[in-house]
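Reviewing the structure listed below.
Letters A, B, C and D name the chains as they come in the text, with residue numbers starting at 1 for each one.
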């Protein structure tokens, strides 16, 4: 800006010297017509991730301090930050044969989703939980947890946490536990599953309802069966699917029906071959992983092919559609519960007007 | 009262003529120190009930108008009323070979608990639900329902409803449906189970949370497995049982974790041989049925033997203890959710003082 | 019934001997198409009530045991019971010059509404609360309370409680307090008002939200002002009234916005001269008192004149309309929160079909 | 790091090329033992702010595009960002004689707190709301609003919004309204106050409970009176104050008792001369403004003097104490409701252990 009033320039300098910033030069950036996330839609190939994780397995030990051999998706729109979206952290975690990840706990909420393999047990508050293909395993905030691989083969899986949200809100707490795991037992079913894993059954000994799910394992056999049932019901002419050819379930806290974690929504989707999820926007960000099959995401109009294990980030208000080339099973997690709890959740279906960018965004000149 | 002031006697007559009743002569009855239910603790023998139901099966047809061949427990403390407790209705329902109970719906909430047998399907809002030993089946208020027996053997089960509560509150609504059942299919698993029967899994198509359970069948295999697990956890030294040697689960609405029905709590209990439920009082009434095994109820100090199928009513604030002679499986339903929702729930543990009757209840003389 | 099968007659006798009642002979009474309350719509004249209360003031002392000089409305449809409706108790309470009603507490929820007069203080959990014309004063369940008249004139008011509900549910608890009141101070504003009486203001010291209102006094000046404002807004063309010419407010718990008492809804209504409340039914019962003005209630089609202080009971599903001959101020209390919390609340507007009685209610003959 | 394994260095480069970041080099930064906000405790002097705002008033017009003459507090720990804390935006807004700030709406929640002056009306969803000394005025998310100064004197006040939170979550929506205000009426009491401003009174016409306060103005007379009452109650020996010599109220939504805005807690505090708020930490950030009086904040051990209008930011987990040299009235707003709704709220009182930094935070070397 060449012709700035020298008085105004002086004023702006004094603003700066006094720890002040004028709204009128920033208004449109601070308050855009619709969300303008810095994060971008992006796809990571599982084969790339896995190969790099494998090499890390050879070069980097797992142990106290670093805590986990986890490699985070770093959204290209958020340079230098290990954030998949502004609120969600996603990583491939790799544990070599017989390796142990030491015990710790943190305020951040965490889950693991198992793309393939088995033989690792995660010990959640002292309760050994087996990790197997297709399972969703929870580590709610402040639960102690460590992992150990009981086999001679490495195992890798998806880790999801609300680390970026917790960082943005400055609500991090962390504590180290014992360096070694005492309980190396390998039960097929964890104690939390034995107590809370019956459909609609609540132990009478639970006198209050935990705000975070007391069920730490959502097994693939149940998820698969629920998705299969929805598509069969569709074939039979009954309600149940989320959309045509599209079955989907949400993982919930059996004690209160809320999302399994208070800050992260977790879902499993299944599309029939040829089916699709129509284009939509929501004021929430999400990460998808292909569990099985192949197809494409259409992200703000750009088609991106995906196959087994591939990960896709969808920032807030990005338009996303999904197309299934084969039968396509997709795991998804998002920050929608955050938006719902704060009154910020909106979709272009509930407010089509919000979809349209305003005609004349005008910010006064900055000197 | 011989020497009543004639002025007072005249006043009381005028009260009566004007539709008025003085509090001071009624105060203690209206507001006793602790509940004084007219209903009494009572036991009904299943063998008696079944024999009478069988005879009713021969003499009384099932059909439009009477609607159901159900024989209600009539608490001896509530003469002339078919009420098990002041809020709960309990009955044995008997359906002969190939019989059909016609379709209707009502505001009252209902369930069936199956002591023995199989082969009947109940059609809940058009969804055929099989009834088998140990199952709990729901018919939430205003859901259409009819039953049909697909076999050549009769079948009998326990019906539980909130009829007395609904009568006391004058909230009854009832509507006849078709006289015949169109859908005579016999699926092992009902559609509601296929949609809502996965542990912690919620169909994405459910955009709001029903206040009454969308799951209409709680199968014995899951209940049994949950009770078994609690006792095994106790053996292993872990938390989970409701008390020593006492496993128990509550049946809940998977959409929100509340009681399966808004007015009726339903539970299954298992006592090890020799175990007991210690004596306690609560400001809620309940009905128990022995599912398997034998033992005794101690009701306000009176010991009553119970065996297979026997039913016991426990009014509000009656003291109840249970003793298991063999392994003892017990189904229980109560009106505790009503008390909790209205702020009236109290136990002698939460308020021991309330247990003690006041020293000098004095009501002024009534003329 | 003359030709009853002797086998059937024998069966019915055995039912009776075994504490059993068949459903099929009772079905229609137990489960009518729409509520059939025994309670009836009825009007009590305040002048009659007051005159009788006055005479009771001369003949009956207030003291320990009887506790209160309260004269209950006894619904003519519920003979022998001091119940205004099946769930609500309503009475005129009369306290002579300098009299004291002793301290007690009970699980039942209570309020007082002051038609006229002043000079009595009710001490709620040790907090003296003045009672003045138009005020609503609360005594939530289990709060200690006693009253004393500080003047040389008698005072009478409306007492409302959930005694019949509590009796029906067997949830009564009662405890005597000291026979005399120690704190005879007469503050214009009680401590609870000073803490909770600011609009939208919550003391930071309240770390949890009481389920019963912590505000014990709703003063007429605020109620009057709110009603006036609604009608002025209507004149100005803005939203706010409950209906044309009909202003109305609900008294709520400032800590959570719920009804002031968990089992009793309390409201104040104002109709302009000539305005009316259109005919409607709801599955809830209520009691109205005329505070000021005159008009009529149309109860199931019957027109009943009302004036200052008159009380009207409206059972569940009775059709009620109100017509204002002059400006008409009405206090109303009902059991609607009970119905809402239990899932039983329905109006003929939300379910017009329920209004229609079924064509052919047919109960099989009773022997 | 000089001796990094070349293989490892190569791996890290490939991570970078693939949009990946290893956790083990970042773990401690991402998951510190306790929050390590970049934002710092800081004080702004009102006299400085006001002088600069005044000069802006001379140099910068208010109008469409820039929308408001608001000057944001820019936390020195968050360079370049107009954020008071990571979630809260705070500004002095200045409106010259007869000026108009045009109508717009946004998803972000907003309030104004008036330090001094009067004569401006803010039009909230078409409802003119006067702004006077000590008042808190709300503009909940998506409510239309514009302001106009009806006097010949300028007026300045504090604006608070959740802009940084909304930016972090990418949930911004914004829409321009008309450029001019049609309704220039100047009622002393707005329509929302007339409908919702009675203590515990809810208009019957409100059939559901808005999640954002329907009351847009919390008047100083009520706030002042509530604070005065708490200190008087303390003098009289009764409960009510937040701490010794420390009165405090929270501004709440009268429809449900929640915080007035879903993302921002607003409070008014009063300390007696010589009283103090003891040192404490919480996992929430806040901004304080001195309304009247003088004293000091002790921020992580550093004493900072404050007087009329001065503003202080307190990041998450900073230790803050307040000392009153004179009677000290303080307005405060914070993001505590966000933390509570997401399960992240913690204080050093509820978890003293979290106060202690862990002994050996060890991050493996980054190449």
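Assume a contact is a pair of C-beta atoms (placed from the backbone, for glycine too) under 8 Å apart; a residue touches a chain by one contact, two chains touch by 3 or more.
Nothing here was measured: the structure is a model prediction, and the numbers come from that model.
Undergrad: What is the set of chains touching both chain A and chain C?
TA: Joint contacts, listed by label: B, D.
Undergrad: Which chain's C-alpha centroid is most distant from that of chain A?
TA: Measuring from the centre of chain A, the most distant chain centre belongs to C.
Undergrad: What whole-number Å value describes the gap between the mean CA coordinates of chain B and chain C?
TA: For chain B versus chain C, the centre distance works out to 29 Å.
Undergrad: How many angstrom lie between the centres of chain A and chain B, each centre taken as the mean Cα position?
TA: It comes to 43 Å between the two C-alpha centres.
Undergrad: Please tell me the distance, in whole Å, between the geometric centres of chain B and chain D computed from their C-alpha atoms.
TA: Using C-alpha averages as centres, the distance is 52 Å.
Undergrad: For chain B, give me the residues that contact two or more of the other chains.
TA: none
Undergrad: Give every touching pair of chains, nothing left out.
TA: Chain pairs that touch: A-B, A-D, B-C, C-D.
Undergrad: Help me check something: in the complex, which residues belonging to chain D touch chain A?
TA: The touching residues are 5, 7-8, 11, 14-15, 18-28, 30-37, 39, 42, 44, 48-49, 52, 55-56, 59-60, 64-76, 81-82, 86-87, 89, 91, 106-109, 141, 163, 165-176, 211-212, 262-263, 283, 285, 315-317, 335, 338-339, 341-344, 346, 351, 353-354, 358, 360-364.
Undergrad: Help me check something: in the complex, which residues belonging to chain A touch chain B?
TA: 191, 194-205, 209, 213, 215, 218, 222-223, 225-226, 229-230, 232-233, 238-242, 248-257, 260, 267, 269
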